[in-house]
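You will see chain A twice below: alongside chain B first, and alongside chain C after that.
Take a look at the complex of A and B:
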């Protein structure tokens, strides 16, 4: 089977800290894999390794079957990324930011489509032409979602994507993830939100001190069991 | 290339939104226009001054014609009559005044000893000399790098600090393309300003459209590229915007202020000059001593050097002009070695600066632009040599009247030699400067690219 995301013995060692210990992970098309763990557990390091932002100490990360280190540009065509705090050019409008990032990804959309991406992501119509500098964190996050969706990527890397979103917007985002999953998109989401992970994820992985200590299908657990499992590892 | 142009176009939108930077560019444009105005006004003032000199000579002649209505002793005329050696500025000097404010653009000459006349200048406000010229070359060499710093100190660090870089680099684009597009936009903007100002300056100054247009543009372009190369090096180190700003201003301070000052001190120590006052005192002693020396001794020394006048009558009178001019002439000859050593010393200092200016592209650019405009030291020394030859020709004109006892008539005034000297560009110096700038540019870009290779851009 071809995995869209794969880590083989992936390790990241900083001078004084082991950030990721021999990670082995495969995420298939349509899967939503949620990484749970405390700050510093290695969730963001994993995402940064898949993005090629940092080089692994050993092992390899693959996106769409391509090794990240050997194909740093090619793999970025296949993935979209939403950071915890989406930051955009503040003097451009949401519409202009989306147009810019989409064109950098190789997509040139008419304005009507750009508007549709933004409103589908939950940005109010009246805000799309306003400077992003006037946006709340949640509004910026929605533009980030629109940028990711407009890229039509096979892989979504999400680092606390619902941070700053209100519950309604978070639910809408979960819906969006499910839709994308149904279309075959593989999702790797780092989150602290156990319930969101249970609600949207197909599998959850628990990370502690740079190590993936447990992986469970969400279908086999209810929310309370997942919380209990998480707390067990954290303690 | 598609991504490059998308980023390039985005930079234009970012620039338009940064009102402070737009204002700074406007300010540089305004100071550049003022620099052109200052330079052209100064050169026009010098031109008007030089244009008035023939009228002064004419008035002097008219006064002498009244004072000496009939045929006169040429000695009287040589003593009272003054003429001028003039150093006409090249039109390019309006863009790079160089030493034209310090060195005189004309020398008032009489038939007396030359050396003290050669260095007599009009009084100048020393505070004005201290503050220097505010010409276009000054704006380009000293102020332009500050605009480059203001535009580029946060070339990539602003995106990193604002948190935009991770999202940007998550797109299928190389970080090198991002840096290249950002740098290229700023280079285009600054070069646009430089070329615009240069074009306005050239048109305003009315420079001839010769190869120097290319040389000027090439020098200013390479100089700008050098500063953007420094920006590339600092950007490649991937520090914060504040650290970048301090580093870039430090480089500016070092290359524009510190190195030139140290170079000036070093060159003065390495190439000491004979004191001008020694030359002046020696010449005065020789000339004043001439009154007390026996006339035969003076004349024999003079005839030994100029035997063509030996057959003139022995001087028995208490005072004759040919004896007076002979000891004036001997005064010049007595200090000729010192005068030559002084000029040679100045040239040697200049040559040493030319050699060492690789250490500071700012000095290199300034000396090259001055050389191009014919406003540098070698041009002034050439003018002094020309003025010396002119004084020799005045002597050659008057001596037959003095030594053959020919009366000087009104018609003879018109036969007197006239002087004119126009600055000539030191093209070889400018071309060497261009090559050295090219080396400096290659060095900084090489270093910047090497650093980027060693330290890939971190999005955070």
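Take a look at the complex of A and C:
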């Protein structure tokens, strides 16, 4: 089977800290894998390794079957990324930001389509032409989601994507992820939100001190059991 | 991709209020400096033209006189200002503008603006070149110091790179975008300067001036490009915006203040110039070895008299067809002129050595590359000053020798006679033809090469370094 995301013995060692210990992970098309863990557990390091922003100390990361280190540009065609705190260009409007990032990804959309992506992501119509400098964190996050969706990527890397979103917007985002998953998109989402992970994820992994200590299908346990499992590892 | 990022940087920069305020100030200064430069040019040029015309008229309207009296009456050579000196006054304010032309000696060029101005002129004049060389780089630093650090600090860099853009493409996009913003600030002042240059009635335009202005603009474009690339590279390499700003300001202080002073001082130490008093004493001492035309008992004058008597086959001065005094004056002038020329050449050579050291420093410091290039193209550098000095001396020597020739042709007893007033109207007056661009370009090869090396070297090395900068 071809995995859209794969880590083989992936390790990241900084001078005085082991950030990731021999990670082995495969994420298939249509799968939503949620990484749970405290700050510094290695979730963001994993995402940065898949993005090619940091080089692994050993092991390899693959996106769409391509090794990240050997194909840093090619793999970016296949993935979209939403950080925890989407920071955009404050002097440009939401519409201009989306047009810019889409254009860089190779998509030149007419304004009507750009507007549709933004409103589908939940950005109020009256805000799309306002400068992003006036946006709340949640509004920026929605533009970030629109940027990711407009890229039509096979892989989504999400680092705390619902951080700053109100409950309604979070639910809409979960719906969006499900839709993308049905279309075959593979999702790797780092999150603190156990209930969102249970609700949207197909599998959850628990990370502690750079190590993936447990992986479970979400169908096998309810939210309370997942919380209990998580707390057990954290303690 | 580069164009998309460039357009984003350009639009973002224009919408940034900090940029609007800073660039507004710089643009205002540039426009003010252009207008003030033009007014100053016009005043000085009119003064000098009027003064030259007046002294020429006075010279031509002398009454019947003995030619040697006319040689001592002398004339003046006023240095006309070059058209582009309204943009860069170079060393003009510190070198003199008027030479007194008289028999027996080559006077130094006097009456510099610095002599007549207050001590504040030592801090530099508010010329277009001052703004372009020192303040625009500061604007570039404030514009570009956060080029990469801000993107890294806010996280937009990751989002940008996740779209499949390389760091090098981001860097080039930023360089192009910032360059457009800088051009937007500088261009209006240069357009105004060009309009003033080519529409003002006092400016003699012509292809030479156009070519100089074009090269002037191209030179500054490369200079600003070096600063933009340098600032973007530093921003990519520093961990924070604060560190990038401090580093860039440190480079600015080093390059625009410390290094120029240090190389000037080093030049003066390595190649010391003699004082005017020393030079006068040395010239006086050496001139003693020549014929003193005013001393009939001078031994060398006696020898010349003997040679002349032999040449004409006569036995007394009274029988000579020429005035012995006139011939002696011509011989004395020939000798003293050589002495002066040797000393002025040695002094100029020392200044050239000092300037050369500063020009070589252009390889270490782009500010010291653009300065000589700017002054050279504006016609306000030391080489242009020396060109005028030599033209004035050539005219003085030719005039005095012509007057000595007139005296000689008067025959024996010339001292008791006068030549008619019409004689002086036939003598040529001083007119100065400034050197062409073809003359100045070979002298500017080093600064041009230094500036191009900076631009190519920074692009090559800097952008290679940027590829290796950290993202996360």
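Operating definition for what follows: the second predicted complex is superposed on the first by the 235 of 235 C-alpha atoms of A that agree within 3 Å, B and C clash if a C-alpha of one lies under 4 Å from a C-alpha of the other, contacts with A are read in each partner's own complex, and residues count from 1 in each chain.
Throughout what follows, contacts are C-beta pairs under 8 Å (C-beta built on N, C-alpha and C of every residue); 3 or more make two chains touch, one makes a residue touch a chain.
Keep in mind it's a predicted model, so treat the numbers as computed, not measured.
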{"item": "Clash-or-fit label for the pair chain B, chain C on chain A", "value": "clash"}
{"item": "Which superposed partner A:70 touches (first chain B, second chain C, both, neither)", "value": "neither"}
{"item": "Contacts of A:219 with chain B and chain C, given as first, second, both or neither", "value": "neither"}
{"item": "Contacts of A:234 with chain B and chain C, given as first, second, both or neither", "value": "neither"}
{"item": "Partner chain in contact with A:89 - chain B first, chain C second, else both or neither", "value": "both"}
{"item": "Partner chain in contact with A:147 - chain B first, chain C second, else both or neither", "value": "both"}
{"item": "Chain A positions touched by chain B in one structure and by chain C in the second", "value": "51, 53-54, 73, 76-77, 79-81, 83, 85-89, 91-92, 96, 100-101, 103-106, 144, 147, 157"}
{"item": "Contact footprint of chain A on chain B as seen in their complex", "value": "3, 6-7, 10, 13-14, 17-18, 162-164, 166-174, 456, 458-460"}
{"item": "Chain C-touching residues of chain A, taken from the complex the two chains share", "value": "48, 51, 53-54, 73, 76-77, 79-81, 83, 85-89, 91-92, 96, 100-101, 103-106, 131, 144, 147, 151, 157"}
{"item": "Contact footprint of chain B on chain A as seen in their complex", "value": "51, 53-55, 73-74, 76-77, 79-81, 83, 85-92, 96, 100-101, 103-106, 144, 147, 157"}
{"item": "Chain A-facing residues of chain C, complex", "value": "1, 4-5, 8, 11-12, 15-16, 154-156, 158-166, 470-472"}
